[in-house]
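There are two complexes below, and they share chain A, which is joined by chain B in the first and by chain C in the second.
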Partner chain A sequence: MGVPFEALLPYGIIITMFGVSGYGLHYVKRFANDGKKARWNRDLWDRQMMERDQRITGSFRGQSSNHQAPTGFDVSNPWKIESRIY
Partner chain B sequence: MISIISVIEGLLLIVPALLSVAFVTIAERKTMASMQRRLGPNAVGYYGLLQAFADALKLLLKEYVAPTQANIILFFIGPMITLIFSLLGYLVVPFDSGIFVSDYSLGMLYMLAVSSLATYGSLRSTAQLISYELILSSVIIVIILLTGNLNIITIVESQRIVDFLLPLFPLFIIFFIGSIAETNRAPFDLAEAESELVSGFMTEHSASVFVFFFLAEYASIILICVLNSILFFGGYLCIIPVELLIDILYTLFGINSSILQDIFVNFSSSPLNLAFKTALLIFVFI
Partner chain C sequence: MRFHCTFGVNFWTFESFQPNTAAMANREARFNQTVLVDTTPMPDHIPKVEEIGATSAPLLSASYFIGDRCKAYNDDFMKCKDESNGRGEFDCLKEGRKVTRCAASVIKDINTHCLDQFKAHWECLENNNHQLWECRRPEVQLNSCVFDKLGLKKTLPGAPEGQVPVHLRPKQKYAQYPGPQW
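After this line comes the complex of A and B, so read on.
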């Protein structure tokens, strides 16, 4: 007899649900990453570079080819404990 | 802004996960019915698709009963912990190389820790866990040794050339049997042996607390199927390696490979690949 099609309908719905999660997250991630693909498997170095990018461009995913750092870059170092003195 | 995005991400993961858990119960009942030449649930909704919601509604409206000698707090918090931990596992599931809620660098360890806590610790299931969870984690260690990384996306990406199913086929069999035991399915349902224990640990639970246990059980089935497809079937990658397909089509039919690249680039990695593999494994599970 085999498995009738109506037994396979729930599997179709499960696949759809995965699709909803996957494509929904795809759009949210793109939105959060300035329209770029999200970075994965970031290590300490990547995170530091992203923090530097944020200090230069204002966004974790932003990149600049400008050979001069913006004003205030030299004093905007991200000290987490000490209060900043500008 | 970041916190709103995190909330949306969480909802996008949890709500479809819970809905698919509901439909796994229907899938199980329908598939088992077809194997036993019955109709299965077919009254509520089209082809009985809304049966799970009717059942949940019935259970939520029922009166809950707690044993007089039971520690009430633990009695009610136990099923909640089970459900929360089996849903926490979804956090590190990658749907594509840049699509995840959390890209935890120790993702595999996290998954192991969460999936162990999601099981309930009565004596019978503890005996079972000692026997099977050890095997499960040993197989995962082999895969970690092969990929050299605990990050789940890296494990998937290292299967671009060939899925781990091929070189590690015996290990897949072991892992699959172990995961059936881990989720307390049919031949390994010591904790819930219906012929001897009525309903095992669920005997005293009723109403919404029972719903939590029920959801947790099916959520962990989906999770372990996702884990199977990530570790051995290449997760979100295409079932047939796209590069291989392009090479074959180019050699046999002489089709320009750059055109093929453009066509197949969308199929090479997609959330739907993971969904298909998981649905297939759930079917095998049942």
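After this line comes the complex of A and C, so read on.
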């Protein structure tokens, strides 16, 4: 005795919705990372190196292998300003 | 100022966990709220140096070769900073310029002679969260090219004697691809 097709409709909806969210997140993450795989488990060193990448290339994921920094790189280093509590 | 946390444990009293900072510039960490970009260039009496324009992945890819050629300059700089009692930023500018120029020369040479292998390796690193063990195949090609053309060799400092260094083992633990990488 066969299963009526109405019983399988929810499974179709579930698979479609998980697929939409999964592929959607995949593409959003790729888009946010300039088409590369996202970085993960970054520590302070990685984060400050990515800030330096951004100063050189204009993007956090941009890379360049020049031996010479672009003009203005030596004065674009930001000072981190802290609020004092005393 | 000491920070007392509310769990009943004062983490800052574990003095033995902290490095000997008597000779270093020591101050407590604070979260920063804003940044200030000051575009005033360095004064004229400080000699200029070309900053390195390589970003994180190429620098990581070239790091062992920089270490091979520039070890003397780097050690000299670290010794100077160690001995200058927290004034290293001012007193070690000369040594720092040598470090920068030496590293730039290595990157320039690799770009000139091994551009394809270099690019393949740092693009692989950039796509794999900068984890060296995912990119051994391009690394082996880069290492052999750099050794042939520039004579620089990758060695792991402090690696145990009598074992194959981790970057020369074909099978890499924790890599996504479990088999031999080359």
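Basically, the second predicted complex is superposed on the first by the 72 of 86 C-alpha atoms of A that agree within 3 Å, B and C clash if a C-alpha of one lies under 4 Å from a C-alpha of the other, contacts with A are read in each partner's own complex, and residues count from 1 in each chain.
As a convention for this text, contacts are C-beta pairs under 8 Å (C-beta built on N, C-alpha and C of every residue); 3 or more make two chains touch, one makes a residue touch a chain.
Quick caveat, the model's predicted, so the values are computed rather than measured.
Where does A:Phe31 make contact in the superposed view: on chain B (first), on chain C (second), on both, or on neither?
first
After the superposition on A, what does A:Asn41 contact: first (chain B), second (chain C), both or neither?
both
Should A:Ala69 be classified as contacting the first partner (chain B), the second (chain C), both, or neither?
After superposing on A, A:Ala69 lies in contact with chain C but is clear of chain B.
Just to be sure I follow: which residues of chain A are touched by chain B in one complex and then by chain C in the other one?
On chain A, the residues that contact chain B in one structure and chain C in the other are 37, 39-41.
For a test of understanding, state which residues of chain C touch chain A in their complex under the given definition.
1, 30-42, 50-59, 104-105, 107-108, 111, 118-119, 122-123, 126-130
Sort out for me which residues of chain A touch chain B in the complex.
Residues in contact with chain B: 1-4, 6-7, 9-11, 13-26, 28-29, 31-33, 37-43.
Enumerate the contact residues on chain A facing chain C in the complex.
Interface residues on the chain A side: 36-37, 39-41, 46, 49-50, 52-53, 56-57, 61-70, 72-83, 86.
Provide the residue numbers of chain B that touch chain A in the complex, in ascending order.
Per the touch definition, chain B meets chain A at residues 2, 5, 8-9, 12-13, 16-17, 19-20, 23-24, 26-27, 30-31, 33-35, 37, 40, 42, 47-49, 94-101, 103, 105, 149, 151, 153-154, 222, 236, 270-272, 274-276, 278-279, 282-283.
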